[in-house]
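Quick one: structure below, then a few questions.
Letters A, B, C, D and E name the chains as they come in the text, with residue numbers starting at 1 for each one.
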Amino acid sequence: MSELTQYAILLGLTFGTVGLVLSIYALARAIGRARAEPAKDVPATAGTLARDPVWVRYHAKYYGYALLFLAFDMEMAFMYPWAVVYREEGLVALLDMGVFLAILFLGLLYGWSQGALRRQ
Amino acid sequence: MSIAMILLALAVGCYAVAVLESWAVHGRLSLTRPATSALALLGREQIMPRTPDRLFFESGPVLLLVAGLLSVAVIPLAPGLIITDLAIGALFLNAALAYVLVALIMAGWGPNGAYGMIGGWRFLGQFIAYAMLIVMPITAVAMRAESLSTTQIVLSQAALWNVAYQPIGFVLFVIAAMGVAWLPPIDLPTGGGDLAGGVEAEYTGARLAVLRLARLVIIVALASATVTFYLGGWLGPWLPGWVWTALKTLAVAAGMLALGSRLPRLREAKYLELSWKLGITLALANIFLVGVIALVVPI
Amino acid sequence: MGRDLALLAPELTLAAAAMLMIVAEMFRAARLVLAIGLAGLAAATLLTLPMLSVDATVFGGTYRIDLISGWAKLILLPGTALSLLLVRAEITGRPREGSVQSLVVLVTLGALMLSGAGDMMVVVIGVVLTGLGSFALVAWPRDDAATEAAMKYLVFGAVTGSVMIYGLTFWFGGTGSTLFSELGQLQGQTLVTIAGLIAIIVGLGYKGSLVPFHFWAPDAYQGAPVSIAAYLSVITKAAAFFAFAQVLRDLPRDGGWPLALAVIAAATMTYGYLAALVQTNLVRLIAYSSVAQSGYFLMGVVALGASGFAVPGILVFAAAYVAMNLGAFAVVLLAGRDLGDLEGFGRTRPWLGAAMVVFLLSLTGIPPLFGFVGKFYLLSAAVEAGYLWLAIIGVLNSVLALGVYLRLMVPMYRTSSTEHPSEVGAVLTQGTVVVTVLATLLIGLAAGILPGP
Amino acid sequence: MPLLTIATFLPILAGLALMALPDRSTKKAHTVSIAATGAVFLITLGIWARGIVAGDFAQVEEIAWIPAIGAAYRLGVDGLSLPLVLLTSLLFLLSALYSARIGERAASYVVLMLMLETASLGTFMALDGLLFYVFFEVSLVGMYFMIAGWGYEERQRAALMFFLYTLVGSLPLLLAIIGLYLGSGTFDMRVWVEGTTLGGLPAMLALIAMLVTFAVKIPAFPVHTWLPAAHVQAPTAGSVILAGVMLKFGTYGLVRFAYQMTPEAFAQAGQVILAFGVVSALYGAFAALAQSDLKKMIAYTSVNHMGYVVMGVAIAALATEPRIRTIALDGATLQMVSHGLVTGALFFLVGMLQDRAHTRGIGDFGGLLGRVPWLGWAFILSAFASLGLPGLAHFPAEFQIFLATLNGMPWGLIAILAIVVTAALYLRAIAGVFLGEMNDKWADMPDLDRREKLVVLPLLVLTVLIGVAPGRLIDMIHTTMTGLGN
Amino acid sequence: MIPELMIALSVGAALFGVGLYGALSQTNLVMIIMGVELILAAALLNLVAFWRYLHPDVTAAKMFVLIVMAVMAVEMAVGFGIAIARFRSRGSVEMEEARELKG
């Protein structure tokens, strides 16, 4: 299987999934329709209706983590290729990545010491 | 051919997991329960909440299902029995799972309801906690296999399963996987009692059915990924490969479900704190240990 | 590998120092942070000295250890050390002082990467490292002005930086290599050359605050603490021009880029001084004046490859610029941020006033001060490269410069009742003033120690 | 003994020493000032005694400075610069003596003064283009602070004007120096004065640049407007230095740089330059005639006298005969020295008058000759010298210039008209201030005291001496100018 | 010229255009950063296309891609860090409201 075929299969899978969902919806609709009744569509808010849309600010208390996460997530982009060739390269690779991870870990520790890992 | 078989296996697996879950939740083993509740869901009327973000509301469940199916696509059931044997299978799995977050946030945001939205945002926090613990153990696995292909990863465990080779990674991965699939005790987005269903709160009828189905697929995907990465995949004596994979997957799923029902729910802040302060440290240590072992022992 | 690491000793030392500073900051030991930083900078400077005559590349040609990067270290490292003192003087005891210090050193590390860049990736990393660190430094006070400054700075930086990366990809497409030493292969591929060149001008021009990419500079300097403004105005800017030198010296001169840069240079100097003429905020005034100084830097860039004076000119002017601009900012730190604060300053604080006069005259380019030597080299470079008109504009702008700086000098010697109390940390600031004023006065006379054509 | 270096840097070292002293009292400051300038004067006499050589620079002192670009510390003298060096050291000594009563921030004043002396001597003796420019500009900064700090009513404005004008003026010179450097690869002015460094258009551009610079400094019409303001507002010693020494930078540069380094271009532009010289001479004279302020009047006569110098140099460039060239250059150089002495004396005298009366208007005085005979006769003598009376300093100089003009470009002789005007204005000034009815206000005005006599007398003696027996000085000038004439 | 390369470059140019327009026309800091990410995505596409069609043996291209991705991430991280700081001091991350510093 060539790479392109593989991705074509994955794309097909995606469309198939969407199709599956649509057919489930069609099935459900075939069974019966919703009756229009007042106040049925109120979101679950203990019965009272919010005046504004709820899409207002949500305090992401974890943004300190989020910033750290970005750094660490990026690091993975470097680590996957490294991991694959790790055994070929041997000790040098371990040292290289050791330095890299040590610095990264230092960053984590620093963030920790500055309160980034605290509930904000 | 293999695609159909895998999808069939997936369907069976989902049903089995559903049975297991209801057993874990209700304490009674009932083989028909999932079927009846699915039918009930389909028969129930679908309510569209007022003033929703229609696009997000509709696409959330679909995307979730797509994410789950795409992750399954790179899991080998047996040698050759795999939808797409990508050279970067493990990475692809990662990428597919990242959409779980997107889907859940969309599902939480879409209906314009407070509980759903809080559930979605909470999952973002949860994601930040588990994401690194998914990828870092996989790195260690890839180091041993010298490849990101899931087939190669299974083959690399011929001499010794990774669960023994890198137990720290295994534990971390399982915990993180439970986070991805928002299994108790880290089921923050749906949040059982305190959020009235969280992201599921506004979904009804067929949409809820799709949402639940997607989650089952994700549980199966993660359990089978655990098997692939740590429990030797199809490797095993006497029985055919696909049976081993299926058995191991069900066992892992059962284990995860059982574990969850015994523990009190974790607050998001606590989960974050644990995974960053303890989890990341352990994951780095795991990588380092695997690195040293890989240099010393040629297996 | 071992050779590469040996050649990188100064950079590695500095990196290690930065890490140690961060560790020390974790224990909130601000004084220790400062001590480690200064020690690291001193060690790195000393390690550079024996390497000045080296001309080599490391890591497969991606990083250059040559005249430019060697002198860049000699210029930037002491400049950073002085900046650390200023930072210490200004924000002693405030929260996260050590973090600021560590960031300063890290940004300098990025500046060193820029000045030694032999590869597109190194330039990108250098730009990002200096940029991101600078944004954080500017935002440090976290008040309205600082966050606004940081936001503007960030937006400009992110947009120009990404445009630069996009453009550089075309150079990669044209040469099949990310090395600048391969840029000669672009001969004849005019379109590709221009695409990459625009990118470089946008990216590094932003860093060097060239017109029209200068808008962030006055805002950022004004919003940031004075010491940080001082640091940013000298170190990152000088680094940008070192990077210009590293990148463009291998580019064929046929793309018409020298002319384009010459036009930018002329516009930068003229606009910078004209804008400075109407400022009332001292920091903004110096910010615009340093925009104008960028135009002079660019004269050296224009002459790259056509005059032996170009590279030494950039280096010498950078050295002078670091000394005099840091000094001027140090005086501002003591005098106050408003033009009115200078009223009578020369009478109540005669020595500091005299030092300020020296800095301003040097910025104008009056011999035998250091700034003159730098400008002389740059003017020579422009003339030799055939850009007499640019040199003439440069010379004419000295007149505008004089107007700008006289606006500071004249009120300093007016009698007034403004009090100039000595402030906290004044000793360190005054120490910085002494060092910079000596450099400004003496190195100009001892110009023989500087690199020549 | 590197006498040139010692002479150049002794003043500034003395100044630095003064700054380092814990006790910087007025008295001590002036003691240091007089001692230093006196020593420098003696040293320059020593330099004179060592003599110069024909056709080259003498007593050259050279040390590497910026070897990478071929700039070096090079000093030397020839028949053009040595008279100016002597003039400089003398005027500074006298200024130091005169200034000894300044009490306001005396230490700073003295330091500036000494810095100016270093810069002035350095400018005349530098044999390195870069070094020359350095000294040239330093003098500017020093003078700016002197005017701004110790001048009269509108000193800030005058200082600013002076600074802006001369800085703007000096920048083109920088470009010219860069051009000369790039043409020759060295900053050695001995190479540049060969006159072959540049040719064609570059030479013309360089010449224009240099002319702009020196015209401002000389000052020639129409870029002279800073001069009256600066002279009037400067403290007396400042005016003396400015007129006596710093205007000579312009004429010195005109000969040394413009004439010697770009001779062909200079010859091509000779008519224009001559015209500027003539216009300056005439304009200076007429403008002086219109003044009622004594100091301003003398300032304008400087424009007039310097116009003659420009004429002399231009004639030298235009003339075909070497003999005429030599005469013209001799005259021009002598004119520089004479002007320094005479105008120096005039400014001192006006300063003394102002110290007593606190006014400078011609109309405010009257009949002072009887009251202050020393002052009066000294002024009259100097004024006669200034208007070019035979037997006094300006006569031999202007005579030679006009002689050369007659032989070279006769139309230039219309400048002689200026002499008539000058005579008229001086007579008017003498009549207004010293003759006529005495103003009672000044009834108890004291005459010159010993210090003041000490300041003025040497200048008067030299004025007469040069007028009567200019031989020795002309010989010295001639030694070099014969070479330049060819 | 290779047609696939041209297609890739055109898509890249389109991404770049959209990104630049977004970065220059939006007033919200977060939206501007999104524009910047688009520009970088264009750069990534260019790099990969050049690598794939013109210089398939050059590994530096892949490294460049990784570095650009890292740049995207850190730029976003710092950008959001500053956005948060701004939000805390001002309550908004609109560039239009940033008018305090001028002169």
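One rule holds in what follows: a contact is a pair of C-beta atoms (placed from the backbone, for glycine too) under 8 Å apart; a residue touches a chain by one contact, two chains touch by 3 or more.
All values derive from a computational prediction rather than experimental measurement.
Trainee: Shared touching chains for chain B and chain E?
Mentor: Where chain B and chain E share a partner, that partner set is A.
Trainee: With centres defined as the mean of C-alpha atoms, identify the chain lying farthest from chain E.
Mentor: When every chain centre is compared against chain E, the largest gap points to D.
Trainee: Whose Cα centre is nearest the centre of all Cα atoms in view?
Mentor: C
Trainee: Among the chains, which one keeps its Cα centre farthest from the Cα centre of chain B?
Mentor: D
Trainee: Go through C-E and C-D and name the pair with more C-beta contacts between its chains.
Mentor: More C-beta contacts join the chains of C-E.
Trainee: Can you work out the whole-Å distance between the CA centroids of chain A and chain D?
Mentor: Distance between chain centres: 82 Å.
Trainee: Starting from the mean Cα coordinates of chain A and chain C, work out the distance between those two points in Å.
Mentor: 41
Trainee: Which whole number of Å gives the spacing of the CA centres of chain A and chain B?
Mentor: Between these chains, centre-to-centre, one finds 12 Å.
Trainee: Which whole number of Å gives the spacing of the CA centres of chain A and chain E?
Mentor: Distance between chain centres: 20 Å.
Trainee: Touching two or more other chains, which residues of chain E qualify?
Mentor: Touching at least two other chains: 74, 81.
Trainee: Which positions in chain A are in touch with at least two other chains?
Mentor: Within chain A, the residues that touch at least two other chains are 66, 73.
Trainee: Okay, what are all the chain pairs that touch?
Mentor: A-B, A-C, A-E, C-D, C-E
Trainee: Once bound in the complex, which stretches of chain C touch chain D?
Mentor: Touching chain D: residues 312, 361, 364, 366-368, 372, 376-377, 379-380, 383-384, 388, 391-392, 395-396, 398-399, 402-403, 406, 410, 413, 447-448, 450-453 of chain C.
Trainee: Touching chain A in the complex: which residues of chain E?
Mentor: 66, 69-70, 73-74, 76-77, 80-81, 84
Trainee: Per the contact definition, I'd like the list of chain A residues that touch chain E in the complex.
Mentor: Residue list for chain A touching chain E: 63, 66-67, 70-71, 73-74, 77-78, 81.
Trainee: In their complex, what parts of chain C are in touch with chain A?
Mentor: Per the touch definition, chain C meets chain A at residues 19, 22-23, 25-27, 96, 99.
Trainee: Applying the document's contact rule, which stretches of chain B touch chain A when the two form their complex?
Mentor: 3, 42-43, 45-51, 53, 61-62, 65-66, 69-70, 73, 83-88, 91, 109, 111-118, 121, 124-125, 128-129, 131-132, 135-136, 139-140, 142-143, 146-148, 196-197, 201-202, 205-207, 209-210, 268-269, 272-273, 276-277, 280-281, 284, 287-288, 291-292, 294-295
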